[in-house]
Structures are given as structure tokens and as C-alpha cells.
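Chain IDs A, B and C follow the sequence of writing; residue 1 opens each chain.
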Amino acid sequence: MSTISLFDPAGPRAKRRHLLLEILTALIVIAGAYLVFRVLYDKGELSAAAWAPFAEPGLWALLGQGLWNNIAAAAVGMVLSMITGCLLAFGLVSTHAPLRRTCRVYTDVFSSIPLLLLLYFTSLVLPNYGLKLGDFWFLVIALTLYSGAVIGDLLRSGILALPPGQAEASLALGFSHVGTLRLVLLPQALRSMSPALVSQLIILFKGTALAFVLGGYMELLRSATVIGQYYTRSLLQAQFVAALGFLVVNIALGALAVALERRQNRLAAQEPLPVTAAEPAPVPAHR
Amino acid sequence: MKREHFLPALAIAGALVLGTTACGGSTPAAETQPARSFPANSTMDKIQKRGKVIVGVKFDQPLFGVKNPITGKMEGLDIEMARILARDLTGSAENVEFVEAVTKNREAFLQQNKVDAVIASYAVTDERKKVVSFAGPYLESNVALLVRKDDSSVNKPEDLAGKTVCSTTGARAAQLIGAAVPAANVVLFSTYSECAQALKDKRVDAVTTTEAILLGVQSQNPDAYRIADGHLADAEEFAIGVAKDDAAFHDYLDQLLTKAIADGDWKKAYDATIGQVKPGDVTPPKVTL
Amino acid sequence: MSFLLNHLGDFGQGVMETLGLVLLGAAGSVLLGTLLAALRTSPIRTARAVSSAYVLIFRNVPLPVQMVLFVFGLPVLGIQYSLYASAAIVLVLYTAPFVAETLRAGLNTVDRGELEAGRALGFGPMASLKLIVLPQAFATVTRPLGNVFITMVKNTSVAALVGVSELTFLSDKIAVDEAQPFIIFGGAALCYLAIGLVIGRLVSAVDQKVAFSR
């Protein structure tokens, strides 16, 4: 990613100054890290007693299971939100005004409500209506309601960003509106929006950590809290390990998003081969 | 004996031997015949037919109901009570299915018959009595204060005036302390360990909840905390929650608890759990609910 | 419905605290985010590395985890603020990377020619940033920045996890006390909706005003 250069290329004096500043900054960072380490050590947070539970493989199994639960909820949530989002996108670009308006209201409402509020809502309200679901489904439903609206909006802008010629050609060929959307516009919108969709997946995954308030679903942050309840000396250690777990998975997902975006740019930049009226040239010169 | 009597005798002897081994054996299978039978359609009968009892318990409340993070086994006084129930109804203490019940959904679980009973550090309050029925209690405990070991300024609830005290969202202790000491600042977190950490960090000056829970925290951190001498005037009663209209099950549970207290099962359960952090004699509760 | 009136004061308090968090979060994250984006353009490699590392870590650790670690973990290092201040600080720390990344995209749209002209006129790097680059960058990204802020409004609800009596925390408490979840949460949702709509309108208005500079 190229960044703007505010500065002229550095001359020898500037180079020396930069080197000095680099060394200085590095020293400050190292000193800071050392201070933190020292304080943690003095307060006993790095002691064997606080980290003792982590010597047990069973604990790591619990944490691993917790992380897996986050991933599972995020995956199911993503699939359901994609479906909801596609349906919503259809509604949002529909020529049928009432449908369009209803979808617009739904999208605006559910992209403004915090996920935590939705979670509290599903866990307290749904049981009253006789829906005997596990906490997994409360989480997934809340995630779907939340993400579905965002994805619907994303896909809508993706569809609207496509060249109008696509839709016109498709209609000229005799496809219905819905057919056009389904076969021509939506697939392209999905492809062009794929980096943004992966970003939404990351947001979804981060949102699964909120399930720790529900109490019933043993995801990673909750597992860390339970470990902290059982081994009250190790609350911080457990939370720290949970943070690392989330960090690693999210960085991986982020790398995936960047790779997808690069691929997208590469594909978009490729010129289609020109079609000549004469017999096909043996090897097109510009390739 | 005469030959024509031999085989039948052998058969009868064989049946007797098999019968005694079946009855006296320790197979924790659901086919073991329980001693009593109950009226059809009663909860007890339903449980027997099902072969196991479904109990809502806490998974994160040390000493009451907690899932050991390493072994995955359930531990705590509530768990032991559930096992006593299972043994009485189905013949084996293993025929229990534990469902996680958090503070917020205990009433909903009973109202929707998601579980047969709720044994989840369930304190008896008048508001809850309107919605569910309580059997027991199986434990009486004071509402105590946990303070920093080197902090001698807080020894009784009244000392909390102008100070900050922590409890968990939905805990009855939070309401009680607010009523008893209006000048105290009450802070609510989601778990006791967070409260304990805040106490260590000097963010709060005391943590308040059931004494048993505080003892558990204190025993793991003997250098950091101590239990204050004074406690709140109202003691808490922990009881088994059942559906409001299930009088038969309620009475059965009362009988079961009275029996367990009388023949020592209750004391064994207590010693194995809370008794580990609170050594010494304890008077079993009177079953009054 | 009388219980709604009983709790109107609580609702009001919740909305006030939420709005406070939104304002503090917006101001702080813009400041920190601008700093982070500016550091990225520095010729000092370590400064760039620090900024990139910060963005990487604070964007990828979920906000609830950051909130919990900050409130319960940092006091061990001697850093302890009130719950409300802690929530505001974490909100800033979490949102700043998103502001920085959005700004970075905006920075890249500034024409090279402008920078060269600035250098020719004798503007130093700081002055170039302040007078030429940042104003244009901000103007370009008003809408995406607005989205970041609307997301931040939703993120203020995470402060409920650490006991801050903002809107989500209070509505949960009241809903449990009064056993009327639907109405209470519905009311809270409407409040969030209103705040989001107001911000959306503000962003549109600002966007129109700065449109000429794009």
C-alpha cells in the first residue's frame, strides 16, 4: 500500500537524524516493555501460581473448545446473514415500492441497534414466546439480524455500482427482474464486494465474544471468565490468553480479506481480449 | 435330592442368585428398579419413566455449581443435592442431566418446564416466590463482606458508608446492601472474580455476596483478602426451585431433604463442598418452605 | 405502562451516559486516529512500525475483550480510572485504528502535485499535513468516517459489560426487574436508532458542505 511522501528523499544529514530518532524510538519502546514486565513480575502476575492452571492440558482443551464455539457461531451466523442479506438486497433494489420501503426500514433499524442489545433482547424475549432454543441460537439469531441488514446494504451498493449495461442486456435477453438479479447482478456484486464481506465476517466473529454475557454459551471469553471464577488467581491470565486467541484468528481473517482484495483488483485490471472480425490472429501482440 | 426336583431347584437358586446380584449390584443403569412408585403424571413419575432427572444448575459458581475447567466434571453443593435427588428417584446418582441456568433465566426455566428443578444458588425472595415454588432450604448462609487483608477500616456493613462495594448483576446481595447502607456506592459486574479483582485493584472497597462464595475466593487468595467480621442482618436461604403449581413435587422434595439431613447425606455433601473452605461444625437448615 | 414513567429518569441517565461516551469517543478517536495515520507517513521506520503494530493489535482484539482487560487488568500496572473513563478510553483506543485506516485511504487520494507544490512553496512536512493534506483527506472520507462513528455508537453498549450505567446496561437491569423485556428493549432500540439517524444527518450535511473540495 503506497503512502504519500511528505518529505523529500533524505540527504546524509537527514539520514543521520532519522537513524538517531529510530534508535531513540526503539529504546523507548523497549524500556516501556521492560517496565511493564517488571511491574507484572513484582505483582506476581507472572508467577507460577497464577499460571499453574495453564499447565493442565484440560484447560487448553476448554479454551480451544471455546474458540471453536466462537468460530461455529460466526460461521453459522455468516451463512444465515448472507442468505438474509441477499434476500434483503433483492428487496432493496426492487421496483416494488412498498417492498423496497419495508426492506429499507428493516435495514436502517437493524444496522443501528447494538449487537449487545439484540443479544439481551433475544435471550429475554424469545423464551417468552415459547421458543425453546439454546443459547447458541440466541447468539446466532442476534448475529443474523444484525449482520443481515449490513450485508443487505453492502450488496445493494454492490449491485448499484455495476455498470447499468449489465442489467439492460440481461433484461433485453428476456430475463425477468428477479432472474436478472439472481443470475447476473448478484453474483457479480458478491464477487466485487467480497473484501467487504470478509470484513463483515471479521466483525461478526468479534461480535461472538459478546455472548459471554448470556452465560449459557461456552465461547472463548466466557471460558476464560469461568476459569477465572474457579481459579480466582488466574482471571487476568485467562483473559489475556483469550485475547491472544481472538487476535490470532482475526489477523488470519484479515490476511484473507487482503488477499481477496488483491485478487479482486488483479481480476478487474485484466483487459478482455479484443474480438477481431478477421480470422483469429495467431498470437495477439499485446499479450 | 431327588432327580426330578434338582432342575427346578437349580432354576430357583439361579434366579435367587441373579436377583440378589441385580438388586445389590452397583450398575448405574437406568433399568435399576427404584423402591417407590409415584402417582402417574406427577413429576416424580415422569422422572422415573425418563430415567434421569434434569436439573438447572450454575456452571460457574464455585462451591455451589461449577464445571471444573480441567476435568469437565460438575462440582458443588447444588450438584450433590441433585445427585441425592437422582439416587432417590432413579436408583443412581449418575442419572442427572445438568443444564446451565444463569441468574436471569432460572424462573423462565421453571415456567417453561425446561428442567425438573433448579438448584442454582437460588436464594429465596418474596418476588421469586410469586413466580416459582421453593423446597427446602438446603443451606442457610449470611451475606458477608470480603475486604482487602490490610484494610482495617471496613469491619461491618455500616463502615461502607461513602465507600464502594461490588456485587454481581442480579444478585440479591446487591439490593440488600443498597437497602441496608444507602450511603454506599454499589458497583455491579457480571462475575465474582471480576469483583475480587476490582477489590485487589482498590477500585472497590468490599465485595458482598453469600458468605460461602466469599470464603471460596478468600481460600484461594489468603494473602489478599479477609472476610469482615460483621455481616448483614438478613441471612439468605438457598432452596430448590420448582414450578409454582407442582405441590406434589414440592412436598416430595421437602421430605427428601428432611431425610437427607436426618441420615447424614446432607452433611456428607456439605463437607465435600462448602465444608472444605469453612471447616467446623454446621447446623443443617430446617426444612420450612 | 406506568413502569415506563417510573424509569424515565433511568432511561434519561442511560441516554446521557451513552451520548457522553459517543462524544468522548468521537473526539478522542479522531485525534488518536489522525496521529496514527500521520505516523504511518513518517520516514522513521520505528514510528511507522509502532503505528502499524498498534492498528493491527487494537483492531483485531474484540472490543469486549479489550474492555474487560482494561478495567480489570490495567490496574495491576497501576493504571486505573473510573469505570466511565475507562470505557471511554477503551472506546477511543478501539475506534482510532478504524479512523486511521479510513483516513489513510483519504490521504492516498491527495494529488502528488499538491505535495510537490507545497514543498516548492517551502511548506515543511508538518505544515503540509496540517494545511494541505489532512483537510482534503477528511473531506474525501466524510461518509466512511460517519459509518465508523455510527458503529461506535453501537459499540458504546459494550461498556455495559463493565458496569457503566449506559443505555444497554440500564435497560437490561430494568427489563429484568420489571419483567417487561419487549417494551424496555424496544424503547432502548428506538433511542439508539434516533442517535444513529442524527449522526447520519450530520454526516450528510458535513459531506455536502465539503463536497466542493473533492
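We take it that a contact is a pair of C-beta atoms (placed from the backbone, for glycine too) under 8 Å apart; a residue touches a chain by one contact, two chains touch by 3 or more.
All figures in this text were calculated on a predicted structure; none of them were measured in a lab.
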What topology does the chain contact graph adopt: line, ring, star, complete, or other? complete
Report the chain closest to the protein's overall CA mean, measuring from each chain's own CA mean. A
Where the centres are mean C-alpha positions, what is the separation of chain B from chain C, in Å? 44
Whole-Å gap separating chain A and chain B, where each centre is the average of the chain's CA atoms: 41
Using the average of all C-alpha atoms in each chain as its centre, how far is it in Å between chain A and chain C? 18
Per-residue overlap in chain A, given as positions that touch at least 2 other chains: 124, 128, 212-213, 235-236
Name the residues of chain C that each touch 2 or more other chains. 68, 72, 76, 161, 172, 176
Junction residues of chain B - those touching two or more other chains: 104, 190, 194, 197
Counting only contacts in the complex, chain C reaches chain B at residues 68, 71-72, 75-76, 80, 83, 161-163, 172-173, 176
Using the touch definition up top, name the residues of chain B that touch chain C in the complex. 104, 169-170, 187-190, 194, 197-198, 201-203
In the complex, go through chain A and note every residue touching chain C. 1-8, 10, 14, 18, 21-22, 25-26, 29, 36, 39-40, 43, 45, 108-109, 111-117, 120-121, 124-125, 128, 202, 206-207, 209-210, 212-213, 221, 235-236, 239-240, 242-243, 246-247, 250-251, 254
Inside the complex, what are the residues of chain B that reach chain A? 59-62, 66-72, 100, 102-105, 108, 112, 114, 190-194, 196-197, 216-217, 220-221
Quick one: in the complex, what on chain A touches chain B? 53, 56, 58-59, 62, 123-124, 127-128, 130, 132, 212-216, 223, 225-233, 235-236
